[in-house]
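Shared chain: subunit A. Partners: subunit B in the first complex, subunit C in the second.
Up next, the complex of A and B:
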């Protein structure tokens, strides 16, 4: 009895008990699927027939032009969204946090509202806005400018524009919130000191806010890189399905979905999934070590 | 006295319970997935009929409608993993090769189909088969016909009955364009190939060489396909055909466009008349049905396109019952006439096509909508209905067509011969 009690009150064991729920979920929903994906990527899997094929899925992957295009699309989308979804939300965050801003709460809610909409519903609405019919919203805007209607979703850049717009509309508010939180953690004395030294608003932003927002920026960049590379639902909804003209809307996950679920080639799809994982990890590790978030700490002055 | 009454009541209850038990067996619960509302309605109706005809083995059918992509993907994963599949499922023709991959986790329906097999069009069974084993119960023939907007054509002085060849058709298109610049003679599809398939089989060709069923080969760079696509490119250049909104007429955008009344011809399988009736209401009384044009008079004028094969899965708790029910529901005489009356499809039992009382019923909503009777046209082309092969490589071919080839040919107007060569190469490279 005492031994049980000892065990229960043991300071050594208690922490493990507390992290057990997370560890278990992580093992069941992440570690196990990951191991199983690695195994499946060396197999050819069909209903009732599983055989080992060695590296043939990976060889196929390397030679596949469509996969190359999917990677290109995903990386381009990721780069553009990162380039837009960091500076603008940061700017809006600074404006909203500014003392001279009126109705900050209203703007905060308005920007945040799209985050709460379902991506499926938003995608549907965007598809209608960018429809090829002359009466659709975007074509009506073109008509106001005296331009003829265009096939938005059948052309490369207009369809990319639709995807980027959807992404910015949905995520600006979320990233802005991260930056507002980051700004809140900067002590007001620093700004006061800067003012005493005669800094103007731009200087205060560049010398105080920007450097002290670095941890937030790194966090937002990291999740944006992953989200950009893993984009799928937006493209699926805006194009109406996983098939887009010239594969303009095909992303790495879309390619995985095409082979895993549409063509039922689970082995090959597993190889695609692992390629995405490795790619996203490499980019993020490189980014994190360049920004100094990981790796050897620099000597403090 | 009270005791007597209680006893009598108890006895009565026992008798009543015993009577109920013997009168009706417990219905077997069967689940079914489909991606079309009208199909679910049809199956529910047929389940009621089945229970009337078979009181000894009643069923409780639970039909669920799920979106096209979603349903097929769920089904494939369920079959692959062995859990979660419905007992019966509608599988669309284009998706059928995917559920036959590996060892099909589906029930061989040869025995259940045997009572009806002599009366149905054989090609509609073979598209849902692997070797001699039949896995799907067909719904319709899907014979392709031409739907002509008579009002629009007559206003331009064109009689659709005189159109025999595609040349006649294009000439009529130019005449229509002169009389009515807003109107189009037809449309060109960019996400599917209903029209192109017809134009291909008219010339006796196919998208693939299926002479060795174990190793089908794509045949996309043929002179026949070149002729079919160049003809359509020319229509677009001449402005007589419109790039179909939504990519093809069986989409929300396509149907909305037809409802505006500017399209003079729709070349579609017979089942498209149900879309006219349900979703293109403003065109009621304007369209007539006739055989489709051909390149040269004497070529076959129709092709069976689209369709769903209903499968029974190996995880079904009562396989014989489900197999018998679904075969009976779709292929019995009652089933075949209900398929026409409720859904407006051309039944696979072509003997039904001659049943005037059924086919020419003036109260039928499909007959009311059109100016001519569809079965007159169907009987005219009965011996000319061709088909394109559906094999394991079909999904690969179709996916290249809809994502790349049709866009290059019709939106970008690239050189057809070079594009077909490129398509052949890309499709060969993508086959597992």
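Up next, the complex of A and C:
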């Protein structure tokens, strides 16, 4: 017994004891599920019977029009949110860090408030603001513009607008904070040198801030791509559940949820999940090689 | 996260500035602040208007002072409806369930993740870099992709409808491990040897010497983990099946029915669910922001 104790306390074994909780979690809740989802993707699973079907789930996926629409919706959402939630927060961060700005702290605190609200609370509030009732907020704005009320969540672009607005509302402040933190790490001497050389505000942004914010930008872009492609709860909350008219709100994860948890076709759902995994990794690898980061490690560290 | 160096002025500290630019900037950011506050103001107003009005008009910004009452709040706290009828609801059961999960998950995640981070940072051992690559791998793969096989796994481990099922997969949290490791890398390694000379074994060095000086990192992470647990919807929704075990987000979501009979409770309950985090934010703003931005700063 004492020898076991001694071994456990030795400098050789102790490191493995320290990382054991992660190793176990990784094995039980990551690697095993990953392997089992790969296995399930080659099976047709009905309660009580499992059949190996080879590649037929994947073949079906390729011809599945609804899956195509889910992919289109997710990619479109990801592209729009990335296009909005990187340049604008970066610009706002530069503006709020400007030497002419007063009371920046108060504004930063206010912009951060949406990050504190959960998807559930934000989703319920947005759903009731985008309600089809004539008195609801968005329809009252239309009324002010002299337009009749519309069924926001039953139309393609209005409902997309609601989802995008929800995303921008929640993340503008957060992304601004990333960029403000990035700007703070740029040495002030660089700006002073640029000023001595006669650079104006735009030149200082283009020649100093923008290139030196690159690591922050890559980081924000990487997480935005993943979050955009894996979006589900926002749509689930704003539409009230996982169904939406003409599948306007259906995302890839929503499709996985539909087959995995609603229709209990776990084989097909697994194929959907793996398609998303491969797609997300390919897009991010492409992004990281285009933006010049050597690998994901460098973007994070 | 950046330390200010004496003699170097940050752009923010500069006393000079252009008055016209100041006015334009402040006007611009005030408008942005107002826009961002709109949903929160609409929600706060909604708590004062009563369920019937919410059902008729949804949420909007019209103040309608004449219709204000605290009846929704009274219903939330007493279970007595507008008509004076008792109609008990489960809001505070969900609230209590969420509090229990937040407390347990935060305490356990901090302890376990800092324990693992310590192992990664302070020792050299075989397979370390491969294992840390696994941490990064988990960090990169969205949970949603694995939720189905994780659910199957939780089912086979009899963890469904059980609060441990909600917590167990996330106690060795990769983002916390990553954050703590970064913090630990800034500490001098001599501390360990000093502890060993004093007769501490490997675990006592962690418990007695390292854990106490990790205070700031632990505070940042506790706020983050707690906030995540308080707000989390998807995984708890998959794991829990009985209504008496629901967490607050799941419970609130069940109140949204097409009949609109619960809108007063739903909006007032949503507002009240944000308040604990808001209070925390007011006291611990620094910690929250440091923790959340840690990933992007180091570049």
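Here is the rule we go by: the second predicted complex is superposed on the first by the 270 of 301 C-alpha atoms of A that agree within 3 Å, B and C clash if a C-alpha of one lies under 4 Å from a C-alpha of the other, contacts with A are read in each partner's own complex, and residues count from 1 in each chain.
Please note the rule applied: a residue touches a chain if its C-beta (ideal position, glycine included) is under 8 Å from a C-beta of that chain, and two chains touch if they have at least 3 such contacts.
A quick note: this is a predicted structure, and the numbers were derived from the prediction, not measured.
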Partner chain(s) touched by A:48 [first = subunit B, second = subunit C, both, neither]: first
First, second, both or neither for A:117, with subunit B first and subunit C second: second
First (subunit B), second (subunit C), both or neither touched by A:16: second
Partner chain in contact with A:266 - subunit B first, subunit C second, else both or neither: both
Partner chain in contact with A:131 - subunit B first, subunit C second, else both or neither: both
First, second, both or neither for A:256, with subunit B first and subunit C second: second
Which partner reaches more residues of subunit A (counting touched residues only), subunit B or subunit C: C
Partner chain in contact with A:282 - subunit B first, subunit C second, else both or neither: neither
First (subunit B), second (subunit C), both or neither touched by A:104: second
First, second, both or neither for A:79, with subunit B first and subunit C second: neither
Residues on subunit A lying within both footprints (that of subunit B and that of subunit C): 131, 133, 261, 266
In the complex, subunit A residues that touch subunit C: 9, 11-12, 14-19, 21-26, 28-30, 32-34, 36-37, 40, 92, 95-104, 107, 109-122, 124-129, 131, 133-137, 140, 169, 172-174, 177-178, 181-185, 187-189, 191, 215-216, 219-220, 223, 226-227, 229-230, 232-233, 237, 240, 253, 256-257, 260-261, 266, 269-270, 273-274, 276-277, 280-281, 284, 296-297, 300-301
Contact set on subunit C toward subunit A in their complex: 1-2, 8-12, 14, 16-19, 21-22, 25-26, 28-30, 32-33, 36-40, 42-43, 46, 54, 56-62, 112, 115-116, 118-120, 123-125, 128, 131, 134-136, 138-142, 144-153, 168-169, 171-172, 174, 177-178, 201-203, 206, 227, 230-234, 238, 249, 252-253, 256, 263, 266-267, 270, 273-274, 277-278, 281, 285, 288-289, 292-293, 295-299
Residues on subunit B engaged by subunit A in the complex (per definition of touch): 69, 72-73, 76-77, 79-80, 98, 101-105, 190-191, 243, 245, 253, 256-257, 395-396, 399, 402-404, 407-408, 411, 426, 429-430, 432
Contact set on subunit A toward subunit B in their complex: 45-49, 65-66, 131-133, 151, 154, 241-247, 258, 261-266, 268
